[in-house]
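In what comes next, chain A is part of two complexes: it sits with chain B in the first one and with chain C in the second one.
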Partner chain A sequence: MNLLLNICKMKIKVSFRYVPALVSNLSGQILQMLLLFFFWTTIYHADQSIMQYVMFSRVVYGFIGGNSVWELSENLKNGSVAVKLTKPMDYFTYTYVEYLATQIANLFLVGIPLSIIAFFISPVDISIIQLILFFISLFLAISISFAFDYNISLVCIFTRNTWGISSLRDGLVQIFSGAIIPLAIFPEPISNIIYFLPFAYMIDIPTNIILENDGYEKIIIQLIYCFFMFGFSIMNEKLFMKKMQIQGG
Partner chain B sequence: MIINVKNVSMQYKISNKRKIMALKNISYSIDEGETIGLIGLNGAGKSSSIKLLTGIIKPTSGVIQVMNMDPFKKRKQICRKYGVMFGQRSQLWWDLPVKDSFYVNGSIYGLSKKEVDRKIEFYKNWIDMSFMDVPVRKLSLGQRVISDILVSMLHEPKILFLDEATIALDVVNRKNILDMISKINRELKTTLIITSHQLDDIESVCERILLLNKGELIYDGSVINFLKNSSVSKVISVQTTDIEQFRDDITYIEKQYGVLSMYKGTEASIFYNNEQNEYKNIANYLSSCESVETFNVRGITLEERIILMEG
Partner chain C sequence: MRTMRQWLCLVKYRILSLLKYPADIVLGVLGTILWHMPNFVLITVIFQRTECIEFSKGYLVLLYGLSVFGDGVQHTFAEALWQFGNTHIKTAKYDEILTKPANSLMQVISSRFDIDGFGGIIWGTFCSFYGYAMLAPINMLGVIEILMAMICSSLVFLGINILTSAMAFLLYDNFFVTHTIFELHKFSRFPKEMYPKVIGIILTFVIPVFGATYYPANSLRNGIFTELLLCVCVCVIFLYICILIWNACARLYKSTGS
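Right after this comes the complex of A and B.
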């Protein structure tokens, strides 16, 4: 916990050392949110419920942050993993703590400003219980997102192509998580398949919880998915560590 | 015995057809409190040895025991008992003051902010730490290396691995860092394992040398014996105008004074034993050679020593 808080503080400090980068990231997220707002109101004449979904799915997307495949796979490819492996933690746990700290910092720096704008554009009533459930679901969504990126970064070592796989990951997450298109408007057979994939558990479930479309039962499914993804990641890590070669000084 | 390495080999797979042996059937043991210099040229297997001893990678064959544990299988337990500093991979946070990196690394080992501050105060007895509030990116290379070494010492490890810690440092910074490393060993009784391709670094800190060459352990013994047993201690470096013309002169010098020589381009190196006073005679002869432009005396490099050892 102490480590998580310390890394979190460091991430926030680093962000404030580069204020222009922080401002441009936040402006980009706000711009995307406004773009989606005008897109859905002007072209599709979307109703209030769709607008609320679109706005809050963007907030969740902002909370979860971007793609960490690049950073994770570069660590593995350039041998920086060696430094992390000299610490008394699993590589998976160490990188998970770092990722979690980044997302907590992101929550304050990007998530909260985006939430304020979303509430301003599409107001919703939120109870305390809903808010607690939302944060539990958000934590699980962040964990699933990390485990997904972690496994992809391991694949990048063998394919030797981080850029292409990382872009594919972005495309899949944006389309099938609900970050751009509400999953409810997909045809039912496709929607059923989407709920078998991890993407919906990253954005759609926390969004539906804050909008009171879903309850705690979805969090239980999310929890099961999270356990499954973590188990799979730890198994992959063990296989990878046995095969790993860090050559040179 | 704190480290025991028995018949260890390490093979890296470059492609399906190409494999290279980084270490070939190496065996040695290290006692608690020893200062070991792991030396060799680039690609000798020094860094691979450190990665094997720290449990980062698994040997292809052989047995490694660090504090009676297999470092690869028990990596998490052993990590608490050793510290590592990789000269080319920093564990400091680039954008933040050095102190912050100390706090984060301290918390990995369960140390509170107060405990870390206490340690920083203690380190001030060893070396100037006035740069603790300066962002890492603004530090000099010497200050960054000092910080990296001290961060690895936060949890008071029994073994400290320093992989090319003094790489690219100037003379003054190298001396400061080597003095600090000696203090760590003297005051905390920490076992030190230092890799370097500079013999001078090892001479000033280590009592024992493990000399690796192309993955083989070619010398394991005291630094004093290593230097004493070598028949060559000094080199006359000769710059010639025409190496072809100088070849006859060098053949004569070899025969007359019983010395060895090597040449590369227009430069020749004559190896001699300092104790036998051959320098004066050779220098006199070189002064009379028409093809000799300049010459000077220097210490023998590790690369040259290895070439001579190989015959």
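Right after this comes the complex of A and C.
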């Protein structure tokens, strides 16, 4: 536990150290938020509920903080995974703790400024219970997002194209998670399929929990999905790591 | 002309080395297409829900296509400029460039040829033609006009990339400037009328992303050939000014040692 806390502390310190990266990331998120605001108000003449969804889904997207495929697959590509494999902790847990720590830093550095903007644009009444459920759901969403990224990055054992894999992940998440398009406005057969995929559990469910007050059932589904994704990741890791060849390191 | 020949030669060898890994190329191109896809899906889904939109679907797809095409061109041919500060200034690799008898900007640009950006070029071309076809039947003149609009888009995005990378001579790192400015290019995927006037002015005169999409697309929609020709001329002048600024900033370069 002490080891985990130390990794967590180190990652948070690193995140706070790179101020230009932080400013760039934050400004990108704010610009995207503004773009969607203009789009939905001017082109779609969206009502209050859609605006709230769009704004808060961007906040959740900001909390989840982009993708970790790049970092994970770079570890596999440049051989630094070899060092991490020698640590007294399995690789999956180690990278998961690192990812969680980065997200905690992200919560303060990106999530809070975005939340303030979202509240300013579309105010929402939130109870304490909703807020607690939201953070539980957010934790599960971050875990699902990590498991998905982990699986995708394992492909880098066979291909060296990190950009392609990372972009593929970004495209899929943005389309099917609700980060840009509310899932409710997709045609019904498509939205039914989307709820079988992991993406909706990353953005849509936490957003719905903060906006509506019916979180318990959704969190249970999210938890089941989280267990499933983690199991799948560990199984894949065992399969893929056997095939890994490190060049240098 | 000599610079162009040198550039083509360098790019040829880069392509030959990339072709050794065909699976990586396919993955990169597909990844880039999917990365650009969300806004297209957004437009498609919105038009399935309602037709009460003051802009036509063809016009929005055309704007989107031009933006993606321009981004694809700068991604493919000028990707090296994104990390120019990190790869050339901080490491003093730029010293090496200065010792060679060739244009320094060309040398920096040709140091990286990113075939992944072809995804943007392919998808942008498809969307530009698809959007135009929804506005008017495509004929020979239409094809020429779309190509001219695509040239405008490429020139503007290349110009912006060159301009932001020149910041590396002053700040030693340009990635964050380039990244933030390029986040603004997403604004050019929608009509200027969608934004408040201040944003319209900034994105026309300060960071002219509307010059890449909105103005050429409007000329295309209205079928005014001379206006489109004027757009191309303005974009060429813009790119030329950006190169001049880059060269002026390059004179301020101080080596960090090696």
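Just a few scattered comments:
Quick note on the criterion: the second predicted complex is superposed on the first by the 229 of 249 C-alpha atoms of A that agree within 3 Å, B and C clash if a C-alpha of one lies under 4 Å from a C-alpha of the other, contacts with A are read in each partner's own complex, and residues count from 1 in each chain.
We take it that contacts are C-beta pairs under 8 Å (C-beta built on N, C-alpha and C of every residue); 3 or more make two chains touch, one makes a residue touch a chain.
This is a predicted model, so every value here is computed, not measured.
Of the two partner chains placed by the overlay, only chain B lies in contact with A:242; chain C stays clear of it. Of the two partner chains, chain C is the only one touched by A:161; chain B is not. Look at A:219: by the touch rule set out above, it reaches neither chain B nor chain C. In the superposed model, A:13 makes contact with chain B only, not with chain C.
When the two complexes are overlaid on their common chain A, residue A:23 makes contact with chain C while staying clear of chain B. Of the two partner chains, neither chain B nor chain C is touched by A:33. Between chain B and chain C, more residues of chain A are touched by C. By the document's definition of touching, of the two partners only chain B reaches A:83; chain C does not.
Across the superposed pair, chain B and chain C touch chain A at no common residue. Chain B makes touch with chain A in their complex at residues 12-13, 22, 42, 46-48, 51, 54-58, 75-77, 79-80, 82, 84, 86-91, 93, 95-96, 100, 103-104, 107-110, 112, 135, 163-164, 195. By the touch criterion stated above, chain A contacts chain B in their complex at residues 2-3, 5-7, 9-10, 13-14, 17-18, 79-80, 82-83, 85-90, 242, 244-249. Taken in their complex, chain C has these residues touching chain A: 21, 23-24, 27-39, 41-42, 45-46, 48-50, 52-55, 114, 116, 173, 175-176, 179-180, 183-184, 186-187, 190, 193-195.
The part of chain A that touches chain C in the complex is made up of residues 20-21, 23-24, 27-28, 31-32, 35, 38-39, 42-45, 159-161, 163-168, 170-172, 174-175, 179-181, 185-187.
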